[in-house]
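You will see two complexes here that share chain A, one where it goes with chain B and one where it goes with chain C.
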Partner chain A sequence: MHGALKMSAAVGRVLSQQMRQSLKVLKSLAGKKNRCFSASVPIPKEGSVSNNEQKSVNRGKSADPLECRFMYPEFLPDPKPEYRNSLREKLERADMMARRSKIDIPEFYVGSILAVTVSDPHAPGKSNRFVGICIKRSGCGLRANFILRNVVDNQGVEVLYELYDPTIQKIDCLRLEKRLDNELLYLRDAPEEYSTFSFDMEPEIIPEGTPVPVNDLKVTLKPQPWLEKWERKDLKGVRDIVVNQKREMKAKAALKPWEKYDLMKIYRETIPEEEQKEIFAEVYSDLHNLEITRQKMKRQRTFIRPKKSG
Partner chain B sequence: MALRNTMMNFSSRAIHTSAICNQIIKLTRLRVVDNSDIGKQAMVEGKPPKCIHIYNKIGVGYIGDKVLVAIKGEKKKGILVGLKQNQKTKVPKFDSNNIVLIDDSGTPLGTRIHVPIPHILRTILKNKTHAKGADYTKLIAIATRFV
Partner chain C sequence: MNQANVTHLVSKLKFNIRPTPRRLKNKDGPPGRVLKIQKTLTALFEYERIELFYNRADEVRGYAERLISEAIRRGPEDHEMMDLANFWIIRKEFVHKLFKVYVPRYQDYSIAYTKLHKAPRLYPGIYYKRAVLELRGNPYPSIEQRNAHSNVLLHNLLLSEARKEYRMEKYKEIAESMNEREVTSQ
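What follows is the complex of A and B.
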């Protein structure tokens, strides 16, 4: 029973994507004690589904405040206790909302294709547009950033943008989708066709109310040498990684299978559910209003621009 | 098995495995991205040029810096036009370390650059060009695409 209590305490926290996978293991361990979960903490169904098959937020409809953690991950502060400062976080959130009221920052995930237009004093037209696939999202608060990758003229190019950079004029999500992994850095070691996107790509329209599609594309990596030790990263979006025996052994030695049972580690690396609720309650109504205005604008735009035929 | 494991750990501890910073230093291999004869030949033969000097006071080449390279047994100068290293925000980072060969007056040896060039290079090269020194802005004129 003591174990079950501990377990339910852990479930009470809303976990990051990686952590939730380990949670699944914990749950399966708990087995019969499942009753405790429902009794102690009402947790949304999505929270217990594993990483890849997670049910996405219904687009168009207002997201549940708890689901905001996937749509707006940058609103959650860094869980490191030495970086926490409730006043600074609050001020940052206010600044983020102020910025969001000026510029439409769409919902996007790692694997989505974005077009970013920035004011660039170095460019002749004073603005610069880059299209690419989002391979990483990191940072929180005003420092939230993302990396776009594309292959232009057979040359791989990556650009790091800050989400709340005042020089950003426009962010367009050309294709909204997720991939199997939380980071797509392995595209650097994948053949060019996996990260080639045309700059004059048309935005793809997804009907409202449909979940965000998950692209289960499996990438084949180029032969070694690689930039990182991909065989150790447990990648779902990469087809059979073959390494020599020595590397295999080393990868096996470097495994840390006990980490998923480490409740304290989960505790340290996540923001508690209560705090998340508090944070999103603060910004939720504003975010919701912004989303509604965005949808209105989208409808207007589609109405104004009918396609010419002939 | 245990012995083998300890042996392996011991041997792997002998080399350091920190992340590389991809700096351009002496003896770094570079990639010529213009269509100059010597550059094209060197790349086709699989003998990419080596950096043998960096014309700044740090000894590490950053974007827009002039380098001296050893290419096909000759010494040529080049401008770094794209780096693998992590860059500042909004500055593109490339998958290879690219140079464009120039002569002493700053005129490129080739007539075309066949990879994208960062926009920021316009400003950097303009600042490096002086009235009586070399004119690096000719390099911008032969670029085909900017990112």
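What follows is the complex of A and C.
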């Protein structure tokens, strides 16, 4: 009995120590200058620079903390009640912010093209760079992950990266855009040209303040067999899915038209507004500060001193 | 591990919900379940207090609360909201009642809009738990009976005082009669 008490006290002490440390990190975030790793942005033409400088509106900055939910969905906990634990969630958020202060994790969505550099002890330069299109984002908290897909030597390659993996050295968003669907897993059954991206692709710069562009590209799938029953998924990014009559009938039978009205299903899959507000109020100012430092870095990198003419 | 769906913003429900939905077993499967909920929900909006099996009452409670909270959030001008209301409420007049009666009634509520009471099961009869589901603020007398014998209630207080007074009077009378007897015997 006594031992158990001692044990629990010790655990409590360790926890509180961790919390204090993470709090310290959070506090020091605001004061610290940027420590972004990425510096490989090429110098664009002068015209685009002036365009960038004119628009001082920050794309990442939104007046409403609730708007963060699209940009940082991993800060919201898993809606499944058996996985909820308010203390763990809070600690995880503190750890995520601590990691974000060390490495610049850019804004990206499913459909964006990313370049990820990870430490790899077996690689020649001890690091490995992979470029690909993000086809899925899942997981929440420290376990948030994303899948990059590319075609290398006519072979489809997919790599699942964890967003807060300490072996990740750098994440670059080469092309920031959204696609019509929330998951692009159908690219696995699409022709290779839709998921082929050059490894020496240069980052495209979008002027600040513009909304994230939506690429309304529609792909045509390869002939069957497919990995999944795409005709049942209601995909907006696929042109015309032709299947035989039997499969069509089955797809029709499997339709669930009432699901979009199922209020409790919607409720069980999401986090209520009140809780979201609480969560984002906690991290909003720190995220906002990080965003500002990133924007400053970008501007420093892209700014070219004008030459004297004449 | 899943990511929370962020496309819909919902208000928090003010009572504890089950982590998983009930299937409400029936021969038509999931569409039959939806039909059951639609019927019960319409009845609830019509009568404001209904007695039914506990499982179905608990399942419908969530849908009723969500529908009212969505109606408060979005209002009758929203097309999607109107679609929702038309889907769940089978009879048109109760769609009107939802926006004209329930939305103003529950706008400033900080507690749940419905109340679920456990009801005694029928004996002899089907051994399913029964419940009474009601919308709060309905015109009927309260279902919950407070302890009628509680001594903080005013009528019980008055009765006990009256009883005390009566007893004191009786004692006085007895004492007086005993005194008289003593006087006469001497």
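In this text, the second predicted complex is superposed on the first by the 241 of 310 C-alpha atoms of A that agree within 3 Å, B and C clash if a C-alpha of one lies under 4 Å from a C-alpha of the other, contacts with A are read in each partner's own complex, and residues count from 1 in each chain.
The working rule: contacts are C-beta pairs under 8 Å (C-beta built on N, C-alpha and C of every residue); 3 or more make two chains touch, one makes a residue touch a chain.
Predicted model only: the values in this text are computed from it and were never measured.
K.L.:
Could you tell me whether chain B and chain C fit or clash when both sit on chain A in the superposition?
P.N.:
fit
K.L.:
In the superposed arrangement, which partner chain does A:R188 touch: chain B (first), chain C (second), both, or neither?
P.N.:
first
K.L.:
Tell me which partner A:L76 touches in the superposition: chain B (first), chain C (second), both or neither.
P.N.:
second
K.L.:
If you tally the residues of chain A touched by each partner, is the higher count for chain B or for chain C?
P.N.:
Chain A has more residues touched by C than by the other partner.
K.L.:
Between chain B and chain C, whom does A:D153 touch in the aligned arrangement: first, second, both, or neither?
P.N.:
first
K.L.:
With the two complexes superposed on chain A, say which partner A:T117 touches: chain B (first), chain C (second), both, or neither.
P.N.:
Neither partner.
K.L.:
Contact-wise, after the overlay, does A:Q169 reach chain B, chain C, both or neither (first, second, both, neither)?
P.N.:
Touch partners of A:Q169: none, neither chain B nor chain C.
K.L.:
Figure out whether A:S127 sits in contact with chain B (first) or chain C (second), or with both, or with neither.
P.N.:
neither
K.L.:
Once you lay one complex on the other using chain A, what is the shortest C-alpha distance from chain B to chain C, in Å?
P.N.:
Here the least C-alpha separation of chain B and chain C stands at 12 Å.
K.L.:
Just which bits of chain A does chain B share with chain C as contact spots?
P.N.:
Shared contact residues on chain A: none.
K.L.:
List the residues on chain A that touch chain B in their complex, please.
P.N.:
118, 120-123, 128, 130, 145, 152-162, 165, 167, 188, 246, 249-250, 253
K.L.:
Spell out the residues on chain C that touch chain A in their complex, using ranges where they run on.
P.N.:
1-6, 8-13, 17, 19, 21, 30-31, 34, 62-63, 66-67, 70, 83-84, 87-88
K.L.:
Please name which positions on chain A make contact with chain C in the complex.
P.N.:
66, 69-70, 73-74, 76-83, 137-141, 143-144, 256, 258, 261-276
K.L.:
Which residues of chain B touch chain A in the complex?
P.N.:
5, 8, 12, 33, 82, 86-96, 98, 114-116, 119-123, 144-147
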